[in-house]
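In what follows, structures are represented as structure tokens.
Look at the two complexes coming up: chain A is in both, with chain B in one and chain C in the other.
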Partner chain A sequence: MIRPIRAELRGSSARTIAVLLFVVAGLFTAGMVRTWWHQWLMFGYVEASLMFLVVPLALAGGTTLGRREKRTRAAELMASTGRPLWQRVTPVMSALGVAVAAAHLLLVGVCAALIGATGGWLGAAGFPSVLVDTALLVGAVWAGFALGRRWSSALLPPALAAAALAAQYAASAAHQPTPLVNLSLMVQFQQFPWEGPTAAAELGRLALAAGLIVGGALLASAASWRRHGAAAAALAAGVAGLLLIPPPTDSRRYQIEPSAQALTCAAGIPQVCVTAVHAYALPGIVPQARRALAALAKLPNAPTRAAEFQPPAVGDGSSDQFQGNAPRTDPSTVRFLLQPDWRTGADPHLADDIAFGAGTRWNGCAQDDEAARAAAGAWLLGTDELHVFDGTFDYWASVGHQATAILRTLRKQPEQEQLRRVTALRDAANRCAKELTPILTGQPREAS
Partner chain B sequence: MTPTIHARDVETSGLRVKAGRHLAVDGLDLSLGAGVHGLLGPNGAGKTTLIRALATVVRPAGGTLRLFGHDATRGRDLRGVRGRLGYLPQHFGYYPRFTVRDYVEYVAWLREMPATAIPAATQRAIERVHLADRADAKLKSLSGGMLRRAGIAQAIVNEPPLLLLDEPTVGLDPEQRVEFRALLRELGGGSCVLVSTHLVEDVVAACSDIVLLDRGGLVFQGGPADLTRLGESGVGVGDSPAERGYSHLLRQHRGRS
Partner chain C sequence: MTGWLPLYLRSRRVPPAASASAAAVAAVAAGWAGLAGRAEVHLGLAALTVALAAAPLVPTLAADDADLERTAALRWPPRRALHLVACAAFVAGLLIAARLLGADFGPAGQIVRNAAGMVGLLGLGVAAVGTGYAWQLPFVWAAVQCLWPVPDGPAWRQALLWLVQPADSRTAAIIAGALLLAGTAAYASRVGPRVAPAEATMGQ
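Coming up: the complex of A and B.
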């Protein structure tokens, strides 16, 4: 069997199909490099979403090869040979599966090597999904191959690819939380880089992969209608699994990977710690964090340690999720949210972020009265501006003029009074107080 | 499957085979043993349909078809029968990006030859059709004549007791045809070789037996000398005695029916 498989690998279009899929997947992955650079679990999202495009292409590629016997008129000769049909299709299906799986694993391997080589976190958590998606690709080429053997029309490959894309596109437009949304292989990205897919999300895709593999193998290797019926049932079961097993809401498709979220600390004092997925960025951010800690040290009972914020739950995309009315304070530690540059790993506004609200930004409270918080941060850092970002949005753009006025009023006070007011703001913020401006200015807050 | 000692390689009785809806072979009684049998007949005589039935590619619509003493219409006997066949279809289908060697080896595997015997058998078959220097060339790069020789190589790789060649000389130049005739004579020494062709001279030169079909029925079965003798008696039309004998037999048959 090895000899015919080798012949198929050398002489069939299996390698061409694999190369095509590799190129398309490579371009897609390269186009999203900002998302996954240094980030293994975010790469998992890119790799999973890639299936939206490459599974239809794999279906079409398999169909093209499935048409080969009839297109080349070799079917006549093959039909006169003694091997059972399942044996006759085994070499070409094996070659197709091996080539496609190798191409996909090569792409994943290259990206994993890049992530590892640049100091990114690599964990076992992301590998099951890679294997599931590899099986999905093999299932797609096999199912396409089987369909191409049955119906050898030249229109079938593009029609199948278009239908698969259209079905996914229509499904993705469905309103959540209908299970139909699961039909799209394009997944929503996770909110934090320490979130990996849940077992249920992976099982749904695995069900589809199994349905495609079993259905494709049965359809390609048997001529009886009973077997064809079994193939259709396997395929239907796979699609049903994809629809029904994963939860229909995005936030339930991810879970926190504890090893990815665990803290790693830089050597030296004061201690600066980040989650494992951001460990690569430590050298760049330690000076900024220590500058902020030094600024906070002006206040009594200042924190002696800065640590990256570790949300207790999977992110739902809302900035209010972890900022409500229940303070979670640890007097010795100031928390920060790291948003490093994808290429350098640096977070140029980290000191501003930590100093914002005198170190209270990630204390579990809603961030009302941003102008006062920004003014307190600028006062601590001895600057006139403070740039804190909520995603791409810079607070200073909207509250800068108010903060400047507050800062000017504050700085007119005696030095001890300035210190007292900023300390009072910190303590009030840690109680989730909403009105902070009067604490700094000694006057009621003006309506904005 | 052990062949029955006294069975002929091919035995048909009242064989009927359809080509689409048309009954292309109609009530054929035929018995073939070792030797080279030339299958002659005009277009539409049923030559290709008969060969396809013998190759077990189409199922007969009626009558009996026995190959090596086994009922070739019974599913459970087919596998053993097919392993002892060699077949070059009229339209030789091939995978263009396979090399000659890969394709011949592939067919040898499909014919269920022992894995250890395949490389040597492949080399021997390729050498017998004088393609050794192109063994590692891709099939798509070969000329029409070379492709035909590659087709013959795959058909003989398992040294089949029954070799079915449908128009094997199409595309061969005169020198290659002469070489092919010699190969046929060599193959016919121990096997039953059935060659369908329009070229009466090839049949006379290389075959030990002639089967003439017309409209799905048997017109004549005998030696080449019988055909030539008939032509030399001045009947029929054609450039050679064999051609004249061929045309005379057809006219005679059509006149009767």
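Coming up: the complex of A and C.
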């Protein structure tokens, strides 16, 4: 069997289809390099979303090869050999499957090597989804091949590709939550780089892959209507699995991968720790974190350790998901959220982030009265401004003028009084108090 | 001309292709009207639908046997150019007519621009690689734009995402116009690489 497969790999357009898929997938992946550079689980998101575009192309590619077999009468020629149909189509389908799977795994391998070589975290968590998507691609080319053999119209490849894409896109635009959104292979962006897909999310895609593989194989290798019916049933079951197995709510598509979220600490003291997915950035952020710890050390009972914030649940995209009314404080540790630059790994505003609110930004409380928190942070760092980002939004842009006024009032006080007021702000913030400006200024907060 | 045109349309299998194109637009329009509950189709889906409507027309851009067709005493370049422009008009007409089904694919000017650019791109593809593979570049480009339907921004981004730009985007209009001109010129002068005679006789 190996020789016929090798002959098909050399003679058919299987290699061309695989190269085309590799090029398109490579361009897509390169275009999203900012998302996955250093981040294996984020690469999993890019790789899974890639299926949105590549599966329709694989369907069309398989159709092109299938209709070519029929159009050139190769199928008739092969029919004269007297072998059963499944034996006649096995070499070309195997060649197609091997070529497409190899192209996809090569792309994943290159990206995994890049992530590993640049110090990024690589764990077993992301690999099952890669294998499922590889099976999905093989299923798509096989189903396309079978359809092309049945209906050899020149309209079929482009129409099939465009229809598959449009159907996915239309489904993704449906009102959530409905199982219809699962028809789109474009997956929702995860909020944190330590989140990986749940088993249910992967099982849905695996069901589709199995449906396409079984349906394609049956349709290509059988002439009876009974087998054709079985092929249609397999395809329908695959689509039903995709629709019904994964949860329709985006936040339930992901789960926290404990090994990716585990803390890794830099050598030396004071201790600075980040999650495993950000371990590559440690050398760049340690000086900033220690600068912030040194600033916080001006206060009594100051934390002696800085550690990256580890959310207890999967992110839902809401900025106040982990900032409510229940303080989660550990006096010895100040928490921070790392937002490293995708290329350098540095977070130029990390010290500001840690000093904001005198180290209380990630204490589980809602961040009310940002002006007072920014003023306290600037006082600790000895600066006139403090830039803290919430995504791309800089707090200072909206509260800067108020914070400057608070800071000016605070600095007019005797040094001991300044220290007492900032300490009082920290303690109040750790009790989830909302009004912090009066603590620093001794006057009620002005309406903003 | 009246006798030639029906023969030409039949030889290029235009009726089934046009029907497939119309059916595709109708399916998207009806699906959108039923699912979304509003007339304005999302920018990304509108871009994809242009590709979806144009894709079935690609096989009509070449005859079964180009060598045989070349022997006819007819001036093919103007006919090919007219064929391509007619495809653009047909796609634009379908998308505008989809309003009757309750789906609004955008202002008429935007639809005409997108149809013209997409068909021009297909013409370029046919001239470069033949009808078998011509749909791939426009399809991928449209898919990328549907993934990032970002209107406005710097000129380079408007040029890259020209299908999803607003109707008054000059950059998108220039790109679409250039694609139509280049595609028409290329397709008028050449219908893809030469096909081996043995394969050509096997028909589509």
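Here, the second predicted complex is superposed on the first by the 448 of 448 C-alpha atoms of A that agree within 3 Å, B and C clash if a C-alpha of one lies under 4 Å from a C-alpha of the other, contacts with A are read in each partner's own complex, and residues count from 1 in each chain.
In the analysis below, a contact is a pair of C-beta atoms (placed from the backbone, for glycine too) under 8 Å apart; a residue touches a chain by one contact, two chains touch by 3 or more.
All of these numbers come straight from a predicted model, not from anything done at the bench.
Novice: Taking chain A as the common reference, can chain B and chain C both be placed on it without clashing, or not? Answer clash or fit.
Specialist: Fit - chain B and chain C, as placed by superposing on chain A, sit side by side.
Novice: Touching A:Glu76 in the superposition: chain B (first), chain C (second), both, neither?
Specialist: Once the two structures are laid over each other on A, A:Glu76 reaches chain B alone.
Novice: Classify the contacts of A:Arg10 with the two partner chains as first (chain B alone), second (chain C alone), both, or neither.
Specialist: A:Arg10 contacts chain B only, not chain C.
Novice: Going by the contact rule set out at the top, does A:Val46 touch chain B (first), chain C (second), both, or neither?
Specialist: neither
Novice: May I ask you to decide whether A:Ala159 touches chain B, chain C, both, or neither, giving the answer as first, second, both or neither?
Specialist: In the superposed model, A:Ala159 contacts chain C only, not chain B.
Novice: Spot which of chain B and chain C makes contact with more residues of chain A, would you?
Specialist: C
Novice: If you stack the two complexes on chain A, which partner ends up touching A:Pro84: first (chain B), second (chain C), both, or neither?
Specialist: A:Pro84 sits against chain B, while chain C stays out of touch.
Novice: After superposition on the shared chain, which partner residues are touched by A:Tyr169: those of chain B (first), chain C (second), both, or neither?
Specialist: Second partner only, chain C.
Novice: Between the C-alpha centres of chain B and chain C, what angle is found at the C-alpha centre of chain A, to the nearest 10 degrees?
Specialist: 50
Novice: Quick one: classify A:Leu20 as touching chain B (first), chain C (second), both or neither.
Specialist: In the superposition, A:Leu20 touches chain C alone.
Novice: Using only C-alpha atoms, work out how near chain B sits to chain C after the chain A superposition, in angstrom.
Specialist: Least C-alpha distance: 7 Å.
Novice: I'd like to check the shared interface: which positions of chain A are touched by both chain B and chain C across the two complexes?
Specialist: Dual-contact residues (chain A): 72-73.
Novice: Over in the complex, which chain A residues touch chain C? Could you list them?
Specialist: It is residues 20, 24, 28, 31, 52-53, 56-57, 60, 64, 71-73, 153-155, 157-159, 161-163, 165-166, 169-170, 173-175, 180, 186 of chain A that touch chain C.
Novice: Over in the complex, which chain A residues touch chain B? Could you list them?
Specialist: Interface residues on the chain A side: 3-4, 7, 10-13, 68-69, 72-84, 88, 91.
Novice: Please give the residue numbers of chain C that touch chain A in the complex, ascending.
Specialist: 13, 16-17, 20, 24, 27-28, 31-32, 35-37, 42, 44-45, 48-49, 51-52, 55-56, 58-59, 131-132, 135-136, 139-140, 143-144, 146-147, 199, 202-204
Novice: Please give the residue numbers of chain B that touch chain A in the complex, ascending.
Specialist: Touch list, chain B to chain A: 52, 55-57, 78-83, 85, 87, 89, 91-99, 102-103, 105-107, 109-112, 115, 118, 138, 154.
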